[in-house]
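There are two complexes below, and they share chain A, which is joined by chain B in the first and by chain C in the second.
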Partner chain A sequence: MGLREQDIDSILDVYPAKVKRNRKKHILLRDTALETQEIEANARTIPGIISNRGCAFAGCKGVVLGPLKDFVHIVHGPIGCAYYTWGTRRNKARIEDPKQYFLNYCFSTDMQESDIVFGGEKKLAGMIDEVVETFHPNAIAVTATCPVGLIGDDIQAVAREAEKRHGVPVMAFNCEGYRGVSQSAGHHIANNGLMEHVIGRGDLEEPPTRFAVNMLGEYNIGGDSWEIERVLRDIGYEVIAVMTGGGSFETLKNAHVANLNLVQCHRSINYIADMLEKKYGTPWLKINFIGINNTIQSLRNMAVYFGDAKLQERTEEVIAREMSRVEPVLEQYRKICQGKTAFCFVGGSRGHNYQGIFAELGVETILAGYEFAHRDDYEGRAIIPQIKINADNQNIPELTVEPDKKRFRMKVSPEKMAELQEKIPLCEYKGMIVEMQSSSLIVDDLNHFETEAFIERLKPDIFCSGIKDKYVAHKMGVPSKQLHSYDYSGPYYGFKGAVKFAQDITMGFVSPTWNYITPPWKNKPLLKGDVQKEEVQNVGLYTKRT
Partner chain B sequence: MLDSTPKELKERRFGVINPAKTCQPLGAMYAALGLHRCLPHSHGSQGCCSYHRMHLTRHFRDPIMASTSSFTEGSSIFGGAANLKTAIRNVFEIYNPDIVAIHTTCLSETIGDDLPSFLGTIDIPAGKRIIHANTPSYAGSHITGFSSMTRAMVDYFAEASLPEKKEQVNVLPGFVNPGDMREIKRIVRTMGLEPILFPDTAGVVDAPMTGQFSMYPEGGARVEKIIDAGNSRYTLALGLFASSDPAMLLERKCGVEEILLKTPIGIKATDNLLMALRFGFLREISPELAEERGQLVDIMTDTHFHFHGKKVALFGDPDIVSALTEFLLSLGMQPVHVLTGTPGKAFENEVGTMLEEAGIRGRVKAGGDLFEFHQWIKNEPVDLLIGNTYGKYIARAEDIPFVRMGFPNLDRSVHSYLPVVGYKGAMRIIEMVSNALLDRVDRDALDEDFELVM
Partner chain C sequence: MEEQAVSYRSVNENPCHMCMPIGAILPFKGVERSMVLIHGSQGCSTYMRRHISEHFNEPVDVGSSSLNEKGTVYGGEANLKQGLDNLIKIYHPSLIGVLTTCLAETIGEDIDRIGQEYLRERKMDNFPLVTVPTPGYGHSHSEGFSLAVKRILARLARKSPSHGRINVLVPNISPADLREIKRLLEIMGVRYTLLPDFSETLDAPFTSPYHKIPSGGTGLNSIREMPGAIATLQMGVTLEEGFSPGKYLEEEYRVPLFNLPLPIGLENTDTFIRSLQKVTGAPVPEILLKERGRLLDAMVDAHKYNFAGRCIIFGEPELVYAMAGTCLENGVTPVAVATGGKGAKLKTLLQTLRDRYAADAPDTGNGKGVGPVFLPEADFDIMRRTARERGANLAIGHSGGKYLTEKEGIPLVRMGFPIHDRVGGQRIFSAGYAGTTVFLDRITNTLLERKLSGYRERIYRQFYRGKKYDLV
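Moving on, here comes the complex of A and B:
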């Protein structure tokens, strides 16, 4: 069980020396005896390596902006990038106003060769005009694909002009695919834009209730956010805005009034969390609503933050009620899952966030990693000052925010903050590594070769990743679960979600379909019989003596 | 559903809303997968490669392997030569393909990366090959990209090495499923000929489950065969948009005569395929295929009242849609809205002529989008919608029976294994169409009208 350093070294021997040196820094054998362990992350993908990573456009339009339902998202570029982000990510949204719901639409300037040669600004401006006339959206987001930056289209200027012309918020995002080293650059670009153009644009000055929160880094895949909101409302919270699953311009613009920001996916939204603290004095709390224990802990931490006896009491009531419903159901799945092992390679937060629910089901995570995270997602935020600026990450502009003169309210005094930080992860995230068991593997930007090699060596019972490597695992006879799209199931968050997850994972284990991989004739001789007898006649499966 | 789509048709001059096409590199990647032991390589930002792999994987539910040059901002400024060189070295060393098929992206095309000159400086390991196709995303569609990569196969491989042409036939199947490619090969073999079919994704993207992952499954067209394609008597180019260009190059380069046919969807297009083989190689139609045709006609006549006169809206890739229009007409159906996202007047002429000859006043458009297509349907409602998965929004909005056909099919399975080409494929289409129409009749029937036998 488990690999040693020299095993990893010999697995990587397939690589050319330079690649091997590079990749070794991204692979870590967990040793709990060590106080800190370092891993390389957010670095360039080596050309030629079959990585799961996407680009800045995917992170900006695909992940952070795309779910905002009352925006028309115009993708400025050739057709592909708009097409691939059309309805493919399962970020669900309720339709409050059918005329302000555009998630089933796909808008592209469909740049042609002449636009590349002569520039595409006029086409973009023209499309914005037509979109406003036909759709009257609450807001328009323009996202750039690779050629836009290269030919020098000034989409910021086009957006500004259009906003003036129409009186509709129009914002542009320079998230060309070549920026940064992965989706991560795009998250940052989207965070900056939402902070600059949307949050704080509303008129609300005070929250409707004291217990007003925002949910950040929650994309409502398969309805995750709805399950969490159900529980939060029941306890007495008011969710002002969700960023961005099911979110909208209408809700985000008043996000500044919340008294606490909950951060689910640290990687994709920590910039906004940070900026909201600086600009409006609202702290953020790292929560994790995946798995029963994590959900309960997160709810209790929220109650600690608000320090209200009634809220705490109600929190416990709701927890008790939900537990009495889900615990007996989970037990039957636990019996099947107990003792199994998993790989958990996802995104920039789920690689960590899903380990808790696996543990609750008795499944050990023996390999985990992120596709596009930074060192702080592995090692904790304390490492941030030590992260070196390099040619790739310096190009994403940092947005500097100042305390808002009118709206800054220090929600928690520095003394109270220090006291709370002793108890709860307020404005703090400790990362994945500390929670992993000794001799488990942590792999950053796991690539195809390593996926295959580690599955072969460690033989996990389930492989959790995305669509591109899902069927690689299947072909090897290993069940897989997409933890990006949930294989079109879900929700997986919160109490009800934990049951759904347990049910789906168990289904992967018990499906009789795996039993048919080896055909009945494999390793069976064609002729069978007792050679000592005189005549043996072969009749199909049975041998009959005459 | 799609509540912001107005009925009123207004001219839009800029951009596309709800596309019926995607970009060239996806088609090039799919074509490259149709070479045995080939790794497609995307020369651009890694996001492109990721999107294409995701989309193809969702359609085929099988691993789609491809590598990328992983451009950074630096490579976008200084050119992608260094990235390509590193990539190729790593690919051969780590993933060991026999062939690397490079396609470009809008990024590398915009900065003007010159692949042939880059390739001149790259050491290719002995016995290995590299081919390339230029596939700028800002022109044409995924079908153009498929065609360009198929053309590259001809360009790099095909050779006329013999003084006389052989009694063999090249078949360019176009952008169809592996199930269709298998069926086309079966048909040609049943006629007593061994086809050189390329690209051939059968056995690559529909590889069997064996408990072992193989990066390069058994399927795919063999390079030696494509080299020998230069010695064939004819090339059957199935589909004007996907196959004619490479077939023309094969004719120019190697003197192999091109026979341009429709994708063999439906009875007429399959008849024409068989007639081409019959005349080209002086072979009688095999009794097996004659029997299949007879069965098909039997079904068509016996069940014509299930579909006759129904109005249909169909969209998708140009070769598929054109052939399907022809088949719907032979069933007595009325294709009144016909659209492809791929640009090309030839599509409008071809489909327009068919409709005119059938006396149907319909709308036909190439380079159109599904927003406009939906508006057409609002203005002239139909009984049936046929198209790829994206049609489901319109089908729901307008409550129309919907048959999924073409690429991509992201929400139903098994489709890539079962053919829609040939006589057998035509039977399958009739089954799908009839079932969709009859399920609707059943759904809408009052209890007293609910029939057992239909």
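Moving on, here comes the complex of A and C:
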């Protein structure tokens, strides 16, 4: 059923020779017999090949900064970019203080031709003044779109001045869309800014409890982190800050006090996790709260890290209780999902993180990939020293941090660290490739043409990606699940989320709609009529084409 | 007519319009076997694909030249040419539209020159490459749309012998409305060229196998021959100078131009049918008379509910104008009409409407005012304040208006582009007598729903406890 090298080759034959050579490096046929397998990633998008990638601005404002609810986010640029990032990610947040909640707003300086010619600094400064006067937000983030960098507006200076003028934190982010090769550049720019200007700004010195953690690289799509926080609180953890789903300036400024950083999305946050370790002595743990087994494993690993008998006991209690609730429900979905196949092409971490829950449901991931990940997300962190710096990743300013004189506390000794690393993925991530089955496909920056070609050849039972490509799958008669914004559903994390996910996926398989795709007058006479008829009767309404 | 000052603020808080290139993509989707390449960094095209896809619930393929930092310094020529190569190799389009973005315009890319050079180098001199300069900071998506239509015409149209067809030029309306306009043309027995026509491409039926470029769209030859038409009917009364494709045909090829409003509303549809009748000279077929009669019947039945409607209408000028007329002829009072762009012509047109309908109308808002104020370059902050001040109880426009529902409890009748929080943006049907009837039902039922949901409590408070309450 799987593809062979020559099949991939013939699919790519449509491309001009140069493009074909390029794309081949981004496509990998998994062979578990090999110790390591290489893939090209985080490289330039090929012009004219319809990719799903966005720009640095999308990664910075759209993904990382956008969810911070007590910031007013001012997009400095023409209207389009701001409009397109207005409430499109479905990152949820609780309204604690209605006066400090701005997620449903979209602010733009709406640059006009004259601003492009004469510069937009004044307009931006004026806008900040108005925003402070009208909204008194806890903080303001200014994000730049393409033209801003080109006309040379110094938004950093405007922000500094405004901060002085108003005494409100104002941060500027030079995340013009042409920087880097994808959203990933923007994540970096945003996170660097938060590291520099927000974390550590609070005056908390000690965590409220020993079991204080931050959740990094978690964006609370459809309420994901609420489900996780529910479980964590129940066990006895305190979540200091989430970076950034449902997060805020108010909580993030005290993130330095946590005793452990949990990393959900390795791609968007691993460098910050590293920096937090260097600056405050807090190690990070790669967790994955998607799927029952992954959630349980993550909770147990956390308990191992803290090494507290009571906490361990409570962890097991909560796991047992949650399991008794969800297992019976999951079973009915498993029956339907068993033996199905999926494509899982998402972002920079979900392409991997969702494979576990699919496996639990009996669904095999036969193609996976990322839109904007780097090689370490595929091959594991061991590859990092070998990744070449090129012209494209150079232009993102690197932030270097030093141990904080006052606040650095080594949370675990080097010996303890080594001991823990034997047992749990502390400051470690092994990437997607090792977990994939032989002859499955790994595709980086899957594009429109390849999406269609691979669906046609591999005929997955479900296609998981985003809104731009899901309709291609639908047109080909394949159900889809948006794993960026969940088609208005979710949460999918943790125990309750797993049930919701199973339900949604199953819905895709059993919808009676699929039975009508072939009009009755087109039905060819069935040669093996009896067998087929019997099958159909057995499963009643819930049949799906075979 | 009253007009709210807008320029005192630097803020655009929750915008009502999008940027120029997203509007320019749409007409290309309504031309047979065509593809679009956007010259700039890939973010723009990805965002636009995302938004167009979400509205139409269809795959929307738009290429990008994927400029990066290097391209911004040394120019993006190589990227653009490579992008064209790849697009042609994979999709075999019959026509390619090349649009610019803020980035390309700011660094001064000359897409005309690059395009011509490309065709010469590849020995494809006759290939229709249509360039459209669409800086995001230049105009809104509405101007992007009409400029693209004009440039398509300018590239393809040829002096042609008279062929007896008429040209029908449309603004950004739903595929359902495009189909209705075609149906009306056919019922009236008119031979026509409709441009653009994305009624099939952006609302494609499920078929097997799937085609990368969906079938449908205006044929290239039909576009080439548009100068040989008897006349042009352009649904573009609000079009500004320089953005009118019909004007282009008139000036270059002397095709008589008739600008009409969109056929939404009784009067507007009458105008459309009457114009067609002038072309054919034949009587209006029975079936249309019946449809008109049904609309009238619906209007009579609904008038008692509609008079309580005080609506705020927003969106693209052409649609906004047609909707305002429809509301007024049904006794729904538009208290504000807003558009994201400048809308200079719209202002004058609304003034005329207001003089006709609203001059002597009673103030159903108990002192909050009669007839619409016009809000050009509006954002949802201004709309929200105006809606509150003028006692609006209904909003009509695209999904951005959900903000008015969330903040002010004003129910929204979804109409226009984009619809991203509901399915079926492509199927919203409002054109012709039949479409107007269902549009009107949507309005009336929204008013009724609002009325009935709090009816008992309101009546109780109004009549039994003597509290004065709005008549809604």
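FYI, the second predicted complex is superposed on the first by the 522 of 546 C-alpha atoms of A that agree within 3 Å, B and C clash if a C-alpha of one lies under 4 Å from a C-alpha of the other, contacts with A are read in each partner's own complex, and residues count from 1 in each chain.
One rule holds for everything that comes next: a contact is a pair of C-beta atoms (placed from the backbone, for glycine too) under 8 Å apart; a residue touches a chain by one contact, two chains touch by 3 or more.
Just so we're clear, the structure is a prediction, and the values are computed from it rather than from any experiment.
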item	value
Clash or fit, chain B versus chain C on superposed chain A	clash
Touching partner for A:32 - first (chain B), second (chain C), both, neither	neither
Which of chain B and chain C A:437 touches, first, second, both or neither	neither
First, second, both or neither for A:99, with chain B first and chain C second	first
First (chain B), second (chain C), both or neither touched by A:338	neither
Doubly contacted residues of chain A, that is, touched by chain B and again by chain C	14-16, 19, 44-58, 77-84, 86, 88, 104-113, 115-116, 123-124, 126-127, 130, 145-147, 149-151, 177-181, 391-392, 395, 448-449, 452, 466-469, 471-472, 475-477, 517
Of chain A, residues touching chain B in the complex	14-16, 19, 44-58, 74, 77-84, 86-88, 98-99, 101-102, 104-113, 115-116, 123-124, 126-127, 129-130, 134-135, 145-147, 149-151, 177-182, 391-392, 395, 448-449, 452, 466-472, 474-477, 517-518
Sites on chain C touched by chain A in the complex	9-15, 17-22, 37, 40-44, 46-51, 53-54, 57-72, 79-80, 82-87, 89-90, 101-103, 105-107, 135-138, 140, 204, 206, 208-210, 212, 340, 403, 406, 420
Residues of chain A that touch chain C when the two form their complex	14-16, 19, 44-58, 77-86, 88, 104-113, 115-116, 123-124, 126-127, 130-131, 145-147, 149-151, 177-181, 391-392, 395, 448-449, 452, 466-469, 471-472, 475-477, 517
Residues on chain B engaged by chain A in the complex (per definition of touch)	1-4, 6, 10, 12-19, 21-23, 25-26, 41, 44-48, 50-55, 57-58, 61-76, 83-84, 86-91, 93-95, 105-107, 110-111, 136-139, 141, 207, 209-214, 371, 390, 393, 410
